[in-house]
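The next part holds the structures, each set out as structure tokens.
Below, subunit A partners subunit B and then partners subunit C, in two separate complexes.
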Partner chain A sequence: MTSFPFASYIVAAAFAVAAITMIAGALIAVLSKRIIRGVGGLMICCIGLAGLYYFLQSPFLALMEILIYVGAVCVTIVFGVMLSEPDEPKPTDRVADLFGAIPIRSGRFGLWGAAAAFLVCTLIGIGIARLSLGGPWPVAPARVSDGSVAAIGIALLTTYSLAFELISLVLLLAILGALVIARSGRTKPPSTAHDQLGILAAQVTAPAPPSDTHPLVSTTAGHEPETAPR
Partner chain B sequence: MNLLYLHDRPGIYLVLAACLLAIGIFGLLRRRTLIGMLISGEIIFAAASLNVMAVNRFFAPDPTAGQIFVLFIMGLAAAEVAIALSIIIAVYRNYRSIAPQELTELKG
Partner chain C sequence: MTFLNLEPIRILLYVVAICAFVGLNAAYLVLAERKIAGRVQRRPGPNEAGWGGLMQPFADVGKLLAKQILVPAGTDTLLYRMAPLMVMAPPMLCLMAVPYAEHFVARDLNLGLLFVFSFGSINVMALMLGGWASRNKYSIISSARVVSQNVAYEIPMLLVVITLLMITGTMSLQEITVQQAGGFWHWNVFRVWVNPLMPVTFIIFFICMLAETNRAPFDMAEAESELVAGVFTEYGGMGFGVFFMAEYSNIVVGCCLATVLFFGGWQSPIGILSGGAWGLVWFMLKTYALITTVMWVRWTFPRTQFYLLLNLSWKILIPISLFTLLLTGAMLKLPLLWKALF
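This part shows the complex of A and B:
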């Protein structure tokens, strides 16, 4: 079809690389023991998915996929991994499995639960694949635009401008909500009379405290009872 | 010869999306930490986006609509990850664990 030799083979090989990268990354993300490797698998999966987007004639979305998922979402999950203790806990004897009836043996992988989950997801995957392959799809209609970056920009600012503004509002609210949720429980009001006296003394002795001294004092006071066992 | 032009058929994309959905559901069922479940949820989001893009490429008259839809899915996924990670950090601060089996009480 083109003058370049073996062009169709090269294209098919690139497509196979993208698809295999995506599936392998997803498998790594799901099956790895340590969560940080799962995050790496999610990055690999998103890079393969960006390759598939490129084959679907939308290079702008491929760029956005890498930029948003690999650059923002995965890095945020890495921050979450650093701030918590996400490795798989040792299963105890009393822990019931997903379906409540199959107990997990201690120290084992939980073979019955894995088999049940594998059965469920295999049934779902095969069902959807059969449905999508066997369904009567309509004939592709005539294109009304070329789907280029210029067309996307024009459509974002004319047809979808309300949704565009709404999603910026949603992102702003998500940032504020994340700050509020993650901040609660970090600074506690002073619990003992000694801390209250200390804050009062700090307020009295400080001649003209700037506005940020009070949260600082309450922060240092609030961390003390947190070291006690809850 | 059919394999060479597989990337011009809609079926392979839909099957790949179904595989991705199955892998994501498997992870969602099997993971025992909240962050692992969040990663599996992201894989399910990716499956939905790939499905939308495949249908948009092959069966839709306006190819910009699906791309903008997937862009909005990405934005919502970013917002969801931010909220979910802040909830996970708050839960870890209260319970010292993010295993979903131990989060058995819901009090305000």
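This part shows the complex of A and C:
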């Protein structure tokens, strides 16, 4: 790279592209009123962040950022939005447009709320700035491991094993919660004892799926949805 | 020549070459698809333009380029225009990491496999945004389908790839290829002494690839018999064309990956005619054989129903791939345990 003319400028430009992408994505995510555009901004922000990770010599982290945050988290958010509400933005006045997402029209808190939020943000910003500028940096930023699969696996199962196990516990709980939520609406609660008996009888005497059908079909023959395309 | 060997110039040349390859390849894969469809359905297919239809892609591209780009009223204009862009960029990036021959790779990343998967995962987001921005009920149904389908099939695909990763121990695509040297019995797909289920693993990978690239029999995103054209309903002209180019590029990426992971990449199957440009020849032969299989599958099987598609993933593919993962781990590590104990 050193022999190439303007190499350092190219590297600086690439860094600038990553940083600007991240900041622009974050601004879009915060300022846009359509929630889907906000998620799009979040996605752009994550891609920029991945670029910054790459500059910090962590290609594995950069790629995981894209795989998980863009490929999974953003997709999940959009999916949730799609299933929940239409995102037609409500008509707002000019002042609110100027200030983006700040809800100036709301009567009781109005500008005071915005001012308080600004104050809190400023305090947090000053605190973080003081910490990062004044506090000691004990370890110089350096490459910890070679980023290979083996190194990451060893780190996950030795140094960070507690965090690893906690994350797996959280994920397990999430799966169980999803199962509970999904199962709760599936079977109609029987209203009377008679109905309950009837359902039980139907379950006991339900005919086995015909054996001459395709194996894929037979696995689902029990609970075919009513709206299945014929 | 020293100027061309400089890293930035080399990368730039590769980018230009990949752009040209993606365009031409998509155009001619459309022709191949139509020819194969004709063959399967006992009709000639396109045979008027050029020699036996060879100029048909240029006629198609000319038609698409000449069309006005129309943004229908009521759409989310920005996202509507962004979606084709976002769907096109990731497969091109993925092609940068694929080793086509021994010394013919744009950037030999030591995390190449992860690179391809992470950028491949943007595809679903782009399709979904396109469908959402169209503000059309068919498009929105279709984008909901795209998401649930891709989420469902990403899991067995990643499980299969992790199985493979346990065997190879590296994420560098070049290194995985080098490990499979010395004849077709060393290819990962035939390594039954490491794991007797390796061929099954490949079949799971192939099915997931079909589903991830939205190809028939899993083309729920398009499903023209029920959803007009699914996500692409409101797109016309080159917007539609770009979506198609992206679909074919994704197929190429998937088949390249299958070639590298399971069929020895640029390695010769019989040990002779290897090295140098022969590597490229073998790689392309294997990849295009797989692509032809993808098309053959499309025109052979009818489209499945949506809930059958999801059941196939959640009830069949994921349990099998989990079992393969466990079996591989056991077969790799149990001998060590045996040695340590006795």
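One rule holds in what follows: the second predicted complex is superposed on the first by the 122 of 230 C-alpha atoms of A that agree within 3 Å, B and C clash if a C-alpha of one lies under 4 Å from a C-alpha of the other, contacts with A are read in each partner's own complex, and residues count from 1 in each chain.
Note that contacts are C-beta pairs under 8 Å (C-beta built on N, C-alpha and C of every residue); 3 or more make two chains touch, one makes a residue touch a chain.
Remember, it's a predicted structure, so these values are computed and weren't measured experimentally.
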(request) Check the residue A:17 against both partner chains and state whether it touches subunit B (first), subunit C (second), both, or neither. (result) neither
(message) So in the superposed three-chain picture, is A:163 touching just subunit B, just subunit C, both, or none of them (first/second/both/neither)?
(response) first
(request) Please work out whether A:9 is in contact with subunit B alone, subunit C alone, both, or neither, and reply first, second, both or neither. (result) first
(request) Pick one for A:70: touches subunit B only (first), subunit C only (second), both, or neither. (result) second
(message) Looking at A:59 after the superposition, I want to know if it touches subunit B, subunit C, both of them or none. Which is it: first, second, both, neither?
(response) second
(message) By the touch definition at the top of the document, which applies to A:115: first (subunit B), second (subunit C), both, or neither?
(response) neither
(message) Just to be sure I read the superposition right, which of the two partners does A:79 touch: subunit B = first, subunit C = second, or both, or neither?
(response) both
(request) In the three-chain superposition, say which chain, subunit B or subunit C, touches more residues of subunit A. (result) B
(message) With both complexes overlaid on chain A, does A:43 touch subunit B (first), subunit C (second), both or neither?
(response) second
(message) I'd like to check the shared interface: which positions of subunit A are touched by both subunit B and subunit C across the two complexes?
(response) 60, 64, 72, 79, 83, 147
(message) For a test of understanding, state which residues of subunit C touch subunit A in their complex under the given definition.
(response) 6-9, 76, 78-79, 82, 109-111, 114-115, 117-119, 121-122, 124-125, 128-129, 132-133, 140, 143-144, 147-148, 150-151, 154, 165, 169-171, 226, 304-308, 311-312, 315-316
(request) Sort out for me which residues of subunit A touch subunit B in the complex. (result) 8-9, 11-12, 15, 19, 22-23, 26-27, 29-31, 35, 38-39, 41-42, 45-46, 49, 52-53, 55-58, 60-61, 64-65, 68-69, 72-73, 76-77, 79-81, 83-89, 91, 95, 98, 113-114, 116-118, 120-122, 124-126, 128-129, 132-133, 137-138, 140-147, 151-152, 155-156, 160, 163, 167, 170-171, 173-175, 177-179, 181-182, 184-186, 230
(request) Report the residues of subunit B in contact with subunit A in the complex, numbered from low to high. (result) 3-7, 10-27, 29-36, 38-40, 42-43, 46, 49-50, 53-54, 56-65, 67-68, 70-72, 74-83, 85-90, 92-94, 96-99, 101
(request) Quick one: which bits of subunit A touch subunit C in the complex? Just the residue numbers, please. (result) 1, 3-4, 7, 10, 34, 36-37, 40, 43, 59-60, 63-64, 66-67, 70-72, 74-75, 78-79, 82-83, 147-150, 216-217, 219-220, 224-225, 228-229
